[in-house]
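Take a look at the structures below.
The following pair of complexes shares a single chain, subunit A, combined with subunit B in the former and subunit C in the latter.
This part shows the complex of A and B:
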């Protein structure tokens, strides 16, 4: 068994090197036009032909190591020895592959010192294609098999493979692009390396001034960002907890409505909340007009600035906190609470000393997500910020504004990362080393204790007005799509919908003539591809992080959070920087958009998975192992079914964020792959709010449908706990 | 296996549809989206060349050109305010080209071309001015501003919005205009006084006009043609150009250096300078002044002949060094002042 796997991978790698075009094709792989030129055409040739016929000698070491792996898998040897040789050969192969990819590009050597060291190079190469991709994946697989054979990762090839896959993909699609752009912080405009520049850029008075505390003036963007993020983290966690408690621990009658309502803000395209807030609270908004009309109070502009941004962020991110917390609150085992009550603790002290501490990982994770979402948020500060600058807007304008200063953008990006890093370590400190496992294999664990009255009232007082407020805002948004000019001319009309989504019947069949159809279908397609990938990668990463012990685990955990902490625009530019030139040349394709979605949104899947998984007792894994279940079986039959809320969360989030992301993909969309959000943003910039809102409403309906579908498909987690009888009139 | 090969063969035939004989051109478009779309369609109709158009702001486009410099994906950059085009020329991101249509253009459009060493050309121009919300002013019983001096009136306290020059090219044009109009010392003195009346320096250049339209602020410093668009959308917006004189932007067009479809890019460039192409702007409800002298202009568009223009030195004030100096001066002396 063990020696058949390396053989299979080696053969796959070698086949790819011979029978697939090594380099990327202009016209794409699916045209099949490369088949006749597989040997003779330089553009279409496989790896072997590239070496032998087309003079690309630098590919030889990579292919040679694949042949070496073939020998190793065929020659009889002990497990240990075979493993060692596989590791050596495949590691050399990967090193050779990476080195040639980085060193030789479109115009020969890609760096000047290489040209001076080795002389001019006759050849050149474009981005890697199918052949190179499969060959490198085969080498990675061989490396992990080799490591497992040597006894690393518990000798389990599946675990080794999972860790290698996650690590390699994060290095490639998160760390590498971000590094590419951060390096700019050390360079001046001409690309000369000057480390002192970073200090100069970071120490700028504009970033750190505290003038707002005394004598007027504005505070630095760093403080603005920090204060906003702390408030947002705390606020979203509190609100999310209130909703989660109401949904799981009270007899509240409209739980389902509540759940839908809390999900609404995340499925709303980003600026709609901001615009609705302006319409309600702005100077010409409802509230101000009413005050002016009834009490003669002068209309003010209070919504612009810190208050407005915080309000919008609370709106936008509370649902994320709710999604993180609901699984955790559901998971707290009633057994411990019943035990506390048996020991005569009243409901309040049970809640305060048992339930709440058990939710600590969830609370810390929710806070972390709220904090990081806030520092990376771009849409709300841009719409409502007014004068109040935060790092993400500052970075955006350093890149695209009148300054066009990548160095400054990168330096600010480093600062932002430092904040994220700080929050991350704080969260680890809070969660600490304690055990929070409350889902174990032991049978019935009792009924969830209802909330103490004080807590219940507090939760309801916080959550219900918030829910009502949400209704009001969405009512507005919905009406906005049905009137002529929002805020001006309230004549009802269906024009906006007709313009976006009209379908005409012609002689040739249906003609999708609406302006929005193209971007709509592209979005649906790409999001549908990205969501399962996001969820799978996120949960596998979570499983590795929680259940496996290996060197570099903390680094990997941090790396998974990286792309989340960096504002979308920076990610977008970083992707263009990193993937516009060989070795990986994928700008202008749908693939780069999908990759951006996956790696940008994966962190939430990871966080939800980590929070949920730290509740599942390890003894369940051990029980599975005792019954001779190997790692994949344990994952599929034991862990995954218990993770259903996290899976739903990750899938939903993956899809929804793919549909609603703007800033990260602004640089990646092309005329061919236009997305709904970029289309809507253009409408907003244009002042065409009616169409923008009509389109947004259509997207919201689409996402609601998809969420219901995912819920149905994945199903609920069955914990074998009894369900409390209805609590009668208590609500 | 045999079946597989046959299928692949059929696929190859099916997929090998001949590309359009005229080829393609990739256009980065920094004007408003309807204008972009109609330009793409009309050019395609006129020449048979397929246009692949992606619409992005001028700041985003130059960021993208910089990121793609080693391996350009775009061919032509159409529209957007002139400074980023001049900067792209300065940073060698665009190629020089002399169009045969150059003789038909207004002098300011040609000057843009000579200033940049032939690397960009003016396709439209828009004057800077004030936008104001007539309803809000009526409520305040205030007279509409007509001169730069009017903006210092105490009755406009907290009523004026302009963009932040750190992020917005529009705001930079305003500063450069004032400097050229009053001299640097007086201009900064003026802006310091005006600071008392400004309620926010927004990040985006078009935001103040939108705020005026929605009644969030009474007065904005913006390009006047944006106000016409808002007024046509039904908002109570009017515009004025300052009596002392005002500056203007020159919306430009450049050919990307190393463009893959350079020949088609030139065809697009020539076509975009014809009256037929330039009248598409007004059709898309954008009312800048077109650069071809014989383009017909709709009556509601602001006309240069009705305004007093400063002799705006695009070459001097379009240079990165001068821009950086003025912006950091603004930061130190105006932007960082406490709010009154």
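This part shows the complex of A and C:
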């Protein structure tokens, strides 16, 4: 058994090196056109032929190590010794593979100093294809098997493989792009490394100017971003606290309705709130029309700018703060409040001196979550920002606009990343420091103390109208898609839906003639591919992090958490930089979009998985192990059946966030692979609100349907007590 | 011999959980690892199971070196403290689990599982969910699940700690009876010395990652080698005394104003640490027989089956139990203590 696995992987790697085209094909692998040219054609040849016939000598070391692995797998040896040799050979192979991939690109040597060191190079190479991919995966597998044979990772090859897979994919698709964007910021248009350039770019007046303070124009985008984020953080925290207090500490009758609020932002494309605000407050919105009609006040564009974006973000992110704070408010043990009351404190001083201080870390956490959401937000600023530029929109215009300045985009990306990571680390410190959580497993913990009257009234006066208005906005967003031209002609119509989703019956069968079908099906298809991958990778990563002990575990956990904090815009730009040149050349393909979905949303799957898995007693895994269940069997028969709720959660998140994301993929879509959100954004920018709204509503319906479908497909987990229902996975 | 540890060390980072232990478990015996929490006994058990791999040393099971093998590849099975029954499977599915993973066909596995359930007296519970069973029944399912694999060694990790006191006694008798009936080799972990004494052929007492002493229950109770052991195995009064050797097999111990002659081959002459078992102290009304230790009752408690007294004496405050409850003494009474030789132990000389 132990020696068959390395043999199988070696053979797979060698086969791929001989019988699959080594490099990426223009026309794709499925055409089959490469088969006849497998030896003779430079574009289609396999790895061996590339070395022997086409002069690509630099591939030889990689293939040689595969041959070495073959020898190691066939020669009889002890377990440990075989492992050692496999590790050495495959590690060398991977090193050789990575080195040649990075060193040699489309124009020969990829850097000046390489050319001077080794002389000019006759050959050149494009991005890796099927052959190279399989060969490198085989080498990674051999490395894991070798490590396991030597007794690492509990001597389990499956665990070793899972850990290397997760690590390698995070390095490749999260760390590497971000590293690339860092490098890009130092380079000029020709790729020359100029450290001074970053300082120049970051010091630009457009970023840091404070002119708006003394009336001489607009402030820099960095200040705009920060001010907006601070306001958004403070506002969402205050509103979220009001909601949380009402939901837990008053006799309010419609608590369940309030809970619905927390679900809405998850299934709403990020700019729907912005659209609805335009319908109400925009130039031809209801309010302006009313003012015009009743007082003759000229319609204004006041909604476009700071106030509009802030309003939209408050509406969009208050539910998130609510979700964070409801846990915090519930976590304040009523026993402590009862203790305070027996010590002669009245309700108000109990609230002020015990309850509120206990919630302080939670409030800080909610604030930072609002802050991070705000700086990462792209949909609302692009729809409502007007002249008020923030970093995320500025990056967008630097890449897709007339400027086409990648270096500037990279520099702005770094700045945005710095803000996000700064807030992220602050949040970690706040959450990590002195846990004030006072929930214990003890039975009776008393009754929650009702809010003092003044606080209750304040909370209700703020929160309830706000909640009502949120529902009203959603209502308008729905109605907006059903009238001819909002503001001018309120005739009910299905035209917008027809324009987007019409199907005609023709002689050739059904013709999907609606304008939205193309992007709709692309979105559904890519999201459906990405969701299971996201869930699988996320849960595997969670399983590794919770259940396995290995060197570097903390680093891996940190890396998955970190990618959570990277704003989508930064990821999008980073993907463009990292994957439009060899060795991985996938810009413009569907694959890059799927990868972006997977690695953007994986951290959510990880968090959900970690939360769920921490609640499953570790001894169940160990029991399975002592009962002859190997790691993969334990995973399939014990862990996964108990993780059903987390699987549903990860699948739903994986799908829904793939459908609703804008910021990251806006840089990656092409005419061929257009996504629903990017299509809608373009319609909004063109002022075609009716279609945009109709399309958004269709998306919401689609997501609700998919959520139900996933719930049905995965089913309920069947068991009695022992395991508490997992908490919502959003951080 | 069935399990053998040779100088096994387990480190987590820089801390040593187990520092160099040697022991063997003979085939067909029940050996208990006993010690306070954090002494390394559970780590040791998990190293037998293969759930932890040793940092140093060798581990042999049934004569085979298994040091670098994981849990799946070792011929052992384990009953967990929390039972670890899979909550999404029925009782019979739980018991079948290990058989199926060992490659047995489903119907054969079910037959074997039924036999296993019958062995622990749970015939007819096949289709129940674990959550529908009482604690003791869950315990039996866990035992059956481990038993059906016919492992060379069966491991128990504090199996009784989740049961109430009455059930604990019954289950420990069942486990012992099963072990003797089937001739199983069992390694058993507990922190309860009474439980250990009741079930074991041999006991290995661990403290701070090392083996303090090993032997039969009687050895450990009557001849504890260290003050720790005297305190841990049953109750004892620590005291200081003078040892004078009488012959190669006996010594005379002077405690306060009393002297007792006891059998001992090892203790050196001079000042020594003495342990006095509370049940070896007979409390008489003063003045008592000649040579008795005079004292004053400082505390008296009535416990139904016996009295407990704290007595101030020249050898320190001694704690004694007394079966005579019908005429209790009260605080302040003058008494004379007679010490039985079997309960006076030299623990360090």
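Here, the second predicted complex is superposed on the first by the 442 of 731 C-alpha atoms of A that agree within 3 Å, B and C clash if a C-alpha of one lies under 4 Å from a C-alpha of the other, contacts with A are read in each partner's own complex, and residues count from 1 in each chain.
Heads up, the rule we're going with is that contacts are C-beta pairs under 8 Å (C-beta built on N, C-alpha and C of every residue); 3 or more make two chains touch, one makes a residue touch a chain.
Predicted, not measured: the structure shown is a model, and the values here were computed from it.
Using the contact criterion defined above for the overlaid structures, shared-chain residue A:507 touches neither subunit B nor subunit C, since it reaches no partner. Judged by the touch definition given at the top, the superposed model places A:551 against neither subunit B nor subunit C. Of the two partner chains placed by the overlay, only subunit C lies in contact with A:617; subunit B stays clear of it.
Of the two partner chains, neither subunit B nor subunit C is touched by A:192.
Between subunit B and subunit C, B contacts the larger number of subunit A residues. After overlaying the two complexes on the shared chain, residue contacts for A:626 are found with subunit C alone; subunit B is out of touch. When both complexes are overlaid on chain A, the residue A:641 reaches subunit C alone and has no touch with subunit B. In the superposed pair of complexes, A:30 makes contact with subunit B only, with no contact to subunit C. Residues of subunit A touching subunit C in their complex: 79-80, 151, 154-156, 617, 619-620, 622-631, 633, 637-638, 641-642, 717-723.
Taken in their complex, subunit C has these residues touching subunit A: 49-51, 53, 68-72, 74, 76-78, 80-82, 84-88, 97-98, 101-102, 129-132, 145-146, 149, 155. Residues of subunit A that touch subunit B in their complex: 30-33, 35, 106, 206, 211, 215-218, 278, 282-284, 301, 304, 382, 385-387, 389, 393, 396-397, 399-404, 406, 484-485, 487-489, 573, 576-577, 580-581, 585, 587-588, 666-667, 669-672, 674, 682-683, 685-687. Of all residues in subunit B, those touching subunit A in their complex are 8-9, 11-12, 15-16, 32-34, 52-57, 59-60, 62-64, 66-68, 70-71, 73, 83-84, 87, 158, 165-169, 171-172, 199-204, 206, 210, 213-217, 229-230, 233-235, 320, 323-324, 327, 331, 336-339.
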